[in-house]
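One chain, subunit A, appears in both complexes that follow, with subunit B as partner in the first and subunit C in the second.
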Partner chain A sequence: MTGYYKKWFYPLVLPALILFAMVILIPFLLGILYSFTGWRGTYFAGGGEWYESFVGLQNYVKAFKNPKFMSSLWYTLRYTVVAVIAINAAGLALGLMVTGISKGSGAYRTIFFMPNLLGGLALGYIWQIIFNSLYTDLLFGPNGIFPVDFFSYMLQDQTKALFALVIMMVWQTAGYMMIVYVTGLNNIPGDLYEAAQIDGTTLWQRFKNITLPMLMPSITICVFLTLANSFKLLDQNIALTNGDFNTRMLAMQILRTTKDTTPPDYGLAQAQAVIFFIMIAIITLTQVTVTKKQEVEL
Partner chain B sequence: MKKFTKLLSVICMLAVVISMFSACSKKNENPGSSSGSSSAGGNTAGSVKELYIYNSKGENAEQFTAMCKAYEQATGIKVRSFSIGSGQDHMETLRAEMQGAADAQPAIFTIQGLKELIEWKDSGAALDLSSVTDNTEFKALVDAIPEGLRLTTDGTNSYGIPYNVEGYGYIMDTQMLADLIDGDMQAAYNDLVFCSYEEFEAFVKAVDAYIKAPSAATVTLNGNTYTFKGQKTGLAENLTGVFAVAASEKWTYGDHMLNVAINAVFPNVAAANSATQEQLDQLKGPFSAFARALDLKTSYAAGDTAGAKRGNDFIVATNYGYDSTLQRFVDGKALFMKNGNWVAPQVSALDEEKASRLTFVPVKIPLTQEDIVAGDWTVEEFNSTIPVFVPMYYAINANKDTQTIAAAENFLIWLNTTEEGKRYVTEDFQFIPYNADPATTTLSNSLGQSILNFMKAGKTLSAPYNGAPASWGGDTVGLEIMEKYLTKETWTEEDYGSIADYAISKWKEMMNQ
Partner chain C sequence: MEQKAQATTRRFHGSKVVLYIVLTLLAAYTLAPLYFLLVNSFKSQSEIVRNPLSLPSLWDFSYLSNAAEKINFFRSLGITFLITLASLILIVVVSSLAAWIMVRNKTKTSGVIFLFFVSAMLIPFQSIMYPLLNFMDMLGLKNMGGLVIMYGGFGLSMSVFLYHGFIKSVPQGIEEAAVIDGANILQVFFRIVFPLLRSTTVTVIILNGMWIWNDYLLPFLVIGNSSGVKTLTLELYFAKILSGQYGSPWELIFPAVLISILPIVVVFLSLQKYFIKGISEGAVKT
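Up next is the complex of A and B:
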């Protein structure tokens, strides 16, 4: 069989390569090219061909000078920090819970995973109702059961909306991370815990010195996934607040750039997308290298 | 087994590659079939095999296709139309259609006003219709477009044939007015149209007082005194407020309502598009007046069981969104709803009888005579007019060959001048034709007829807000009003001023971007 794959490697890979090139690689490279031009969606400003419309780094300068871009970048960073911590803490807690019980863990796993099956837009609209009717009208609003200012009208304030988005995303993605953590937890040999118990360790010591180090491969994956997804969050942002009260995140900012001016500045939007790509690449690659170093080999 | 897997993999691979290439070639043959097929029908317009029309209104898709079929039958020219889905982003779809070879592009496409024109003018896709000289009938059609309705950047060029005209104001159920007031409803309605802002404000407050505690109070409209019925009867029984307000929909006050004020300084779109700093400063008065009128409107808004108050709940989409506001109006909880004649089919679907009784009352703002720079309106005249504008234009694609352009011209002539074409516009689309003669045209739809009446009297404003910078209206000014003011219970004189200042400074800032 190995001989077969060796012999047929290139023909077998070719269709996938062609597809990848056509729908990802070529558009990606074209996009980089467009970011240096005055591309307007259907034509190049100031010329018939792209090289006649070449503007150099002007779009990149414009992007960094654009207050909307900078504020959405800052907001995205703040959201990402909170969301990565919250989602992973919740996912790990759920994972510890379902591996800790002996009965019905399969059912719990399914239930916790289910919110993942909902699409981002639908989820955003559903949670809009939850934040307004349940959080505000029923529970935490001025006329609610336990009035708490922070949890009422959460979508009408920049900081509150950030936490509203985090609450929603934890609900949606913690179940997914839980599955990854459960796999990791199941791979930790039971004799390690047994030995530690004989030595008289506490629960916290076992968690800190056995579970966490042994779980590092799962943590690497989960942090990578949540980091990248938080940075790229779009649907939920649109459906929940639509960017009102300065809650526009980066992906949405790029999407709406073409609507901010007439004619639409696709070149500027593309420059923002390139910056966006580079940032995600740097952040996630750094994270993977750092967390990989923490992983222990048995 | 080994042989079989080998064979299978080769088949799979071929299937993928072939399907990929067939998908690509399909794209080429799709709209451009005009060049491929034989002489199916090119009898009048040379070798044109197919006229491709892009329609960015989803609501009349079915009727539009039927209209194209009718043209095909009448002339033998094959017409293919494409209407986008209702609520779909028409610009993104159109941009996708305008990529690539001219052959595949639509010959006629639709543009929503000057803001969108800039893009197609710059790209060279929009044909300047005023430059057409060889087709006298078409030239006559272009020349006859009333100046205020022309799609023009400088007043002389002309890039579109109007799709229809629309208008807006405070929509009111005439029966409800009859149930509120003793005496002649028609006279009361006329006086509501012509009364001053101050009288209108007093009327709004009187209706509000009547809702809370009905009494046979009197109110003066346009100098005439009217008495409320002593008790709540008929449609007046359900009232909870005077206005149905979609507070969470920022464009409803950031675009259309604001446009009334912009009319005081700019007579048309082109003027607003080339605004000077001095002209923008002149908007201070009109914008403050707009803020005052918006204060009145949002202070006497209808809720589900009682009047609505400004505050955090007011801007929640599930409470005061577009659809719930419409429902509140149809349920008779409010006397007025600021909206346009395009809402008629929706009202009709909820309550057909109500839809047949609707009419427009102008949106009034407390201007002073000095505020009105454009035109020679008096304040009273200005406040008895409604904005009537062209929401969309047919443009001809300049990239097409001359025969196709000629065919496109002939199609637009047919649509706008022949009896059959005009019948589709008024009866099937339920539109108000831009070239309608108000004296002879009657429309079956009550709101359309109301607009025709204003047109007949020459009491119409235009839509200069379309000349404001992109995303200035709803997304900037409307957003600011929603976030900072509609959440606030009382507004002060300073608030009126700061809304006006914000709107002006943002316009100045954004026009240079």
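Up next is the complex of A and C:
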């Protein structure tokens, strides 16, 4: 049987390898290569072939000196910190609440999950109107019911728009994280809580000393998912503010770099893309290593 | 002692009521934007501005049919459906086959290949999109077929990983029996192994289907505005851009968004148990 499987190994793995090479591996390597050239998308500046167009580290230097890139980098980092905390806190809270009841729990889960189905673009358009019409005109604007400066004209200020994006993303994705947390919560053996209850512990003590440590595997996953998704956020960013008022995040910056100049500077865009990849790899791998260490074995 | 227990139970019930109230408020908050979307899809621009929260004074379907026309609803729905379906079939067949043979043929090469697939999960789309598009263009694949191939490539990593994890627990005894009975390798896989992988296949379909259906960036880069054949999300994007040029954009945006999200909401409501299961299983394994 081993020989049989061995004989068929390459024929069966080949389609996957071809797809992988075509879509991921070759473009990935080409991308690194092109980031060191004067690539213009359809041609190479200063020569016919890529090797005649080498510019060394120039694109990388240009990227770090580009105020738009640096601004989008800081904006993305700030957004990611706030969003990861807010989405996970909301997701965990929802998870604790829906596991705390028995009747109707499924219906609540369905409702909370629903916003995840919708595309970021479609949602962004609706929330854009919500922030303009409901938040500003009706509720929190100067003529609203409870004027609160922070919640009015949220899409016209860099910092306020960051929180507008967080409000929308919590609304959309907390239900997804809730599902992952519910799976984790259901895996915690009930007798741990019973034993702790007999010992006369408070609810907070049980949460801190049983729930949190036992939930670390789910926390690892959810923080990983929210971290990666926040860092890569694009559709919602485009739909909500389209990068106006310096609200461009990294993904949009890479996409729009080729529209910022004529001729389009694909070399610079690709250098930013490589930096983007390295940062995501470092951040997510560090996070998984750190949170994995907190996981307890029973 | 008994008294104390009773007090605890009572407090417990009290907190349950609070819990239901809080959950119901949060559910209302979650549904509010969808209500907002629904009621405003039947109003004129001026009515939306005047009464954004009330029910429409008249359930006028003309805004919906106008939006359906603007985003070529039935054509773009069909295109989105075909692209999603073809991509999912490609992902499921290619990744389950590869994962199966990698588990069954445990060699160093197979381990290295698996590692390659898994580490590719770290590569964000934006970091390779320009060279990818350039390369696909060179191959003559900057079209719908190429779009399916690209979704196939991007869906591969996670799917191979999920199948690989599950197949490890599938016993190989029946496969041997089938080979002895004279079944060929594809028969062994598709008649015997593949049906056993159903729960992972559901997860793979849900996780990949959700992003392929809603994806904006890849169709934007591949199809753009040049061709008449666009996906739902792409039609919505261009409708929104154009709507700024008319005087009354909201009476188009609301109904356009509503009809564009309707299909996936219907699919979800009829298959929700699979969605929830798919997501929790997908997350546990990653």
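Observations
One rule holds in what follows: the second predicted complex is superposed on the first by the 287 of 298 C-alpha atoms of A that agree within 3 Å, B and C clash if a C-alpha of one lies under 4 Å from a C-alpha of the other, contacts with A are read in each partner's own complex, and residues count from 1 in each chain.
Methods note: a contact is a pair of C-beta atoms (placed from the backbone, for glycine too) under 8 Å apart; a residue touches a chain by one contact, two chains touch by 3 or more.
Owing to the predicted nature of the structure, the values given are computational and were not obtained by experimental measurement.
Using the contact criterion defined above for the overlaid structures, shared-chain residue A:Y153 touches subunit B, although it does not reach subunit C.
Within the superposed three-chain model, A:L12 lies in touch with subunit B and with subunit C [touch as defined at top].
By the touch criterion defined above, A:S133 reaches both subunit B and subunit C. Once the two complexes are laid over each other on the shared chain, residue contacts for A:I188 go to neither subunit B nor subunit C. By the document's definition of touching, of the two partners only subunit C reaches A:F277; subunit B does not. Touch criterion met: A:D235 reaches subunit C, while subunit B stays clear of it. After overlaying the two complexes on the shared chain, residue contacts for A:A269 are found with subunit C alone; subunit B is out of touch. After overlaying the two complexes on the shared chain, residue contacts for A:F113 are found with subunit C alone; subunit B is out of touch. In the superposition on chain A, A:M97 makes contact with subunit C only, while subunit B stays out of contact range. A count of residues in subunit A touched by subunit B and by subunit C gives the higher number to C.
The interface of subunit A with subunit B overlaps its interface with subunit C at residues 4, 8, 12, 15, 19, 22, 41, 129, 133. Residues of subunit A touching subunit C in their complex: 1-2, 4-6, 8-9, 12-13, 15-17, 19-20, 22-28, 30-31, 34, 41, 94, 97-98, 100-101, 104, 108-123, 125-127, 129-130, 133-134, 137-138, 171, 175-176, 179-180, 182-183, 218, 221-222, 224-225, 228, 231-232, 234-235, 238-239, 250-251, 254-255, 258, 266, 269-270, 273-274, 276-277, 280-281, 284-285. In the complex of the two chains, the subunit C residues touching subunit A come out as 16, 19-20, 22-23, 26-27, 29-31, 33-34, 36-37, 40, 48-49, 52-53, 90, 94-95, 97-98, 100-102, 104-105, 107, 109-110, 113, 116-117, 120, 122-132, 134-135, 139, 149-150, 152-154, 156-157, 160, 172, 175-176, 179, 185, 210, 213-217, 233, 236-237, 240, 250, 253-254, 257, 260-261, 264-265, 268-269, 272, 275-276, 279-280, 283-284, 286. Across the interface of their complex, subunit B is touched by residues 4, 8, 11-12, 14-15, 18-19, 22, 40-43, 45, 128-129, 132-133, 136, 152-153, 155-156, 244-245, 259-264 of subunit A.
Partner subunit A is touched in their complex by these residues of subunit B: 2, 5-6, 9-10, 12-13, 16-17, 20, 91, 95, 98-99, 115-116, 118-119, 122-125, 312-313, 315-319, 469-471, 479, 482-483, 487, 513.
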